[in-house]
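Everything on this sheet refers to the single structure shown next.
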Amino acid sequence: MSCKKIGFITGLGILVFAFMVTGSMAANRDFDKADTIRIGSLGPVLLVPGIGIHNAAKMAVEEINAAGGIHGKKVELFIGDTEGKPEKGITALKKLVLEDKVDVLVGCYSSGVALALQPYLPRYKIVYIATGTASIALTNNVKKNYKKYKYFFRDMINSDIRQQKWAAKFLKEFVNGQLGYTKFAILAENTKWVHKYAPNLRKDLEDAGLKVTFYEMFDIDIKDFSPTFVKIKSTGAQWIGQIVSHAASIPLVKAWQDTKAAPMGLCNVASMDSKFWEMTGGKCLGEITYNFIARAPLTDKTIPMWDKYVKKYGTNPVYTTGFTYDSVYMLTEIIKQKKSLKSDDIINGLENISYYGVLHPQIGFDKKSHDLLKGRYVMPMVQWQAGAKQVVVWPDKFKTGNYVSPTWWKK
Amino acid sequence: MTTFIHILVLGAIWGALYTLIAVGFTLIFGVAGIINLAHGAFYMLGAYLAYTFMTLLKINVPLSALMAVLGTAGIGMLIDRYGIRFMRETHVYVLIITLAFALFFQELLYAVYGPHGKAVKSFVTGEMLLGGVHVSYQKILTFFVAGIMVTLLWLFIKKTKTGKSIDAVAQNREAAVLMGIQPERIYVITMGISAALAAVAGVFIAPILEAVPTMWAFSLFKAFAIVIIGGLGSIQGAIIAGMLLGYSETAVSVLISANYPDMVYLVAIILVLVLRPRGLMGTRAH
Amino acid sequence: MEAILEIKELSKAFGGLEALLNFDMEVRQGDLIGMIGPNGAGKTTVFNLITGFIKPDSGDVWLKGEKTTYLKPFQIVNRGMSRTFQLVDLFKEMTVLENVMVPCFSHRAKQRRHNGKKPWKVAIEFLEEIGLADRFNELAKNLPFGELRLLDIARAMATEPDILLLDEPFSGLDVEDAAVLSQAIQRMHKKGQTMIIIEHRLGDLLKLVESVVVIVFGQKIAEGTPEEIMNNEKVVNAYLGQRRQ
Amino acid sequence: MKPEGLFGPRVLYRRLLGLSIFSAVVLLVPVVFSDPYDLELLFLCHYYVMLACSWDLLTGFTGNVSFGHAFFVGGAGFAGALLNLHLGWGPWLTLPIGGLIAALCGLVVGSFTLRLRGPYFAAVTFCFATLLYKLIMIRYEIFGGEEGLSGIDWLMETSLGNYYFSGILMLAAILFLYLLSKSSFGLILRSIGENEVASEGSGINTTFYKIVAFMISGFIAGVAGAMYGHAQMHVGPEMAHDSLSGLVIIMAVVGGMGSIIGPIIGAYLLTLANESLRFMGEFRLLIYSSAVVAIILFAPKGLLDIITRGFRRIVGQEK
């Protein structure tokens, strides 16, 4: 019987293999022989930043095809679901490259996922513009080992230096300068993109003579934040700088509103989304977060793109939308220009590009680190105000309303 | 001082919630001798049904809460009747089928509602100051509901005929059978009660935290921990250990760091099992 | 002749209850001893104590001149003392043969198997001895109760013990099965197997054994041949008398 | 007279023949399916087979459900990754060392759970894995936290290399576990699972066997974990997460516990089903988990049982 048992297993095994489709692997196809140009879009298909990536990529691809494609070749989009986890991200990347045979990649939410994907790029010789990942470790890798990591570009604002400096500027100029608060609490989630951000922010504040009464990097598994806010309150903090992307934002905001520890405003990725009000039952009233896109004339293209997106998808663009939309255009632009799908040609093109996108009139990449060029970005601070309104309160250049202090807060 | 009061208040609320989740878990073990890994899923179903009725269908709060609890109890009874019954004696099987059910509900809710947290509006708005500490009415309500439910369970078991039958089966199944009690009927009823208690916790936690498809694991681990610390099958043990865990976790997260509360229950389980394997008030030796 | 098992002043209390108090006993090679006493008198406690399943509060057990009081059960088995269980609870999902093979892999059995005989052949021999060889491929859970008892004895025998302890082997058996068991015990006895048997059914026991130990309330109250015991006033009052009423 | 299904050289030979057919299929697959994506998928199958089979040695035989298999996988995965990143040791060193570290973990968990059974055993094994998970999160400066560690050296440069490396490792593990399960060691483990008291009363040092089982199980899971880390060039906290432990349990149970062969079926089937259901989009995992519930409900002894019974019926050997 055992022989049959094993015979059966082999049979089942063979059946199971029949599930799968055969094909052949070809890195860097020949442009002339390609029927269509294939773009892979990576991101968690069910999470807001991922939806922002895939929607933006879809919209850009449709527009490019409507305008005649690349030298008459249509652009095809393939979606890879990273679920926001490194392990799933690797599977998704392998599927896009090995099964769907995409020529270039965009997208990806979460620096941890992008870090896990980076080593695969030289293996498959595929160019990838990351549009939702902020850790500087990614571009530092390019700088340190250009030969290996040259395939990686980042169209997004790094957290370690640029977001951190911007956050420090906001807290110093606005919260301290205009509101007069001097005691700060820093509440940061414990993830890759924050590992330098939070400690450096603390240092900057202290160097400016401000007090940081509370500082904690918390585990993203935490469910109940009340004790944390209680602790913050007991330190006498006047302003809470939250740095949150992956953690449970809804319970965090609820616990904040319930404990009434202090006004809170810095960075909460979930709070950038227009649905956050509804998701928290309005408990985000008064919270501030910076965003990377707003319905403001960042360039001539911004407002038309914003309105078209809202009309098409019924929701506001999120922070990944603008970066992804621009990146898809940049990639097709280069392919069109070089008439090539060879990774070296594309890398060369991207290193020299100066693109007029929806976020900035002169998007370009640093030749050594492949990070965005300095100064070519904006980050408006947006506050949730009564009536589910997202109001830009700082900097004054983009201001659409005044800062409103929470009613329960007495300085 | 405020910090101390905070620990006192928040700890009591969490302790009461944990207790509410854990008593159902320990009850079904005490009566039917099964470890129900789908217990956390009942808690999650309670929260999601509350969300469905209250937020999506806009039904009023008491009715939605009642429907959520009864609905979950019904699901629990169905699982017991059609999933567990015929293999009840094999504890490996029960562990695994209930784990499979828990994962199934996770994926079901994931597919239907997505991975995002769903918020439920507070049943009562507003808050009060307790010794200089803001506590929302929702939390106070949750505390009292948990207390009432546990008391009701106690009264039910000690005073009603069905309750006494449950107690009888828990204490000695053979004797109960001789007295004319049908154990299978008792098991199904107990599973219903156990599921209902978890669902109550879920319904009341939904406005404080959120309803997400992974919430079952968290509550299951806590219930398992409490019941092991308190002693499997002991309701008193579950109450004591539940309150202890609530207080110690809150104290750890307020006084040390929010990163460490989970360490409390993990280390507690290992220590308890190494030092006193029957738990604080265990009724059954391992 | 030298005693192979010596029990000296063995005591054990559970909570406040004295389960066994200053119990002494000696067993010589080839003895077939019966141990009787009313329910809860402490007979099984004696077995549990000397086989290491329970640790005594005081007193000592010497097996072939070696102190085994605080050894673990498997160590005691490997030093030559095996037992059966009152509630027969074997390896139910395993075959009859496999049940008897497990003890063949004990340290003691392995050491005694110098001739390179296959363990399963050894196990079959033990099954033949007890009359279960033809059912070797049956799952243990499918055996009737009487045969389970026999199987448990075969399992204990397979460790090749110097002393075999049988815990109520006759309880729950019908007359036929009891007769089969009696014969098996007598056969083993003739081969020189030392045995202690706990029993409730005095009829079966007193016919079999050469000497009897009586335990009541955790204390040994009498010791002697079956005839002496039957006529011992203390025993009759404490135990047999109650039975006759 | 010869007992069937036991130690007889002819029976063993027949079974080994079956295993060698399976090995031949594993080794020849790339000839037919050379697509790298398929090979990557089959690599995952190999990985899960190693986990499920090693879990089966521990639980399927002793009957105590371990909810902490991820402890070995994560422990060895991270140990291997750290050795590779900081000392530059390659897979040839990190795999066996990862395995040894996991075996050591097995020794620790085994000693803690010696006296425990059923739910208590499950709880402690779970706690160990979760403590490791928490440690990875809290000491992120060492373990990388949520994102884990990336930039680990690859196992083999190509998908084909990964396939063969993992395939051969898997076959070795299966052969070893299978022979072990059919030896006196397997018999004794089963007797411990059935009735530990009687086993001890039969002169068996149950403590020793249980701890050795833990260490062997841990070693194989650890080698698999370190291998996975190298193949993915990344290790993450999900390798120590309870959901991995749960997945391994379900694979082994769906295939059939206590047989070593059953978990192979379970691991292949669930890994491939998970992938081939991808076209179902967001309902993929729902269908997958419903199928798992259905299989456990209707075939509580696993697919292996159904397959063998079905086969016997066809051949007309039904008793």
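Chains: A, B, C and D, in written order; residue numbering restarts at 1 for each.
The definition used in the following text is that a contact is a pair of C-beta atoms (placed from the backbone, for glycine too) under 8 Å apart; a residue touches a chain by one contact, two chains touch by 3 or more.
This structure is a prediction, so every number in the text was calculated from the model and none was measured.
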item	value
Centre-most chain [mean C-alpha coordinates]	D
Far-end chain from chain A, centres as C-alpha averages	C
Result of counting contacting C-beta pairs for B-D and A-B, higher pair	B-D
Centre-to-centre distance between chain C and chain B (centres being mean Cα positions), rounded to whole Å	48
Where chain A and chain D are represented by their mean Cα positions, the distance between them in whole Å	36
CA centroid of chain B to CA centroid of chain D, Å	32
Where chain B touches two or more other chains, by residue	259, 262
Shared interface positions of chain A, touching two or more other chains	46, 190, 219, 221
Chain contact graph, described as a line, ring, star, complete graph or other shape	other
Contacting chain pairs - touch in the sense defined above	A-B, A-D, B-D, C-D
Interfacial residue positions of chain A with respect to chain B in the complex	46-48, 190, 216-219, 221-228, 230-231, 233-234, 248-251, 254, 258-260, 278-281, 283
In the complex, chain D residues that touch chain B	59, 63, 65, 112, 115-120, 122-124, 126-128, 130-131, 134, 137-138, 242, 246, 249-250, 253, 257, 282-283, 285-286, 288-290, 292-293, 296-297, 300
Chain A-facing residues of chain B, complex	2-3, 6-7, 10, 14, 114-122, 127, 133-134, 136, 139, 207-210, 212, 215, 218, 250, 253-254, 257-259, 262
Complex interface listing, chain C residues touching chain D	51, 53, 72-74, 77-78, 82-83, 85, 89-95, 97-98, 101-103, 105-109, 118-120, 124, 136-137, 155-156, 158-159
Parts of chain B lying in touch with chain D, wherever the complex brings them together	29, 35, 82-83, 87, 90-93, 95-97, 99-101, 103-104, 106-108, 110-111, 217, 221, 224-225, 228, 232, 259-260, 262-263, 266-267, 269-270, 273-274, 277, 286
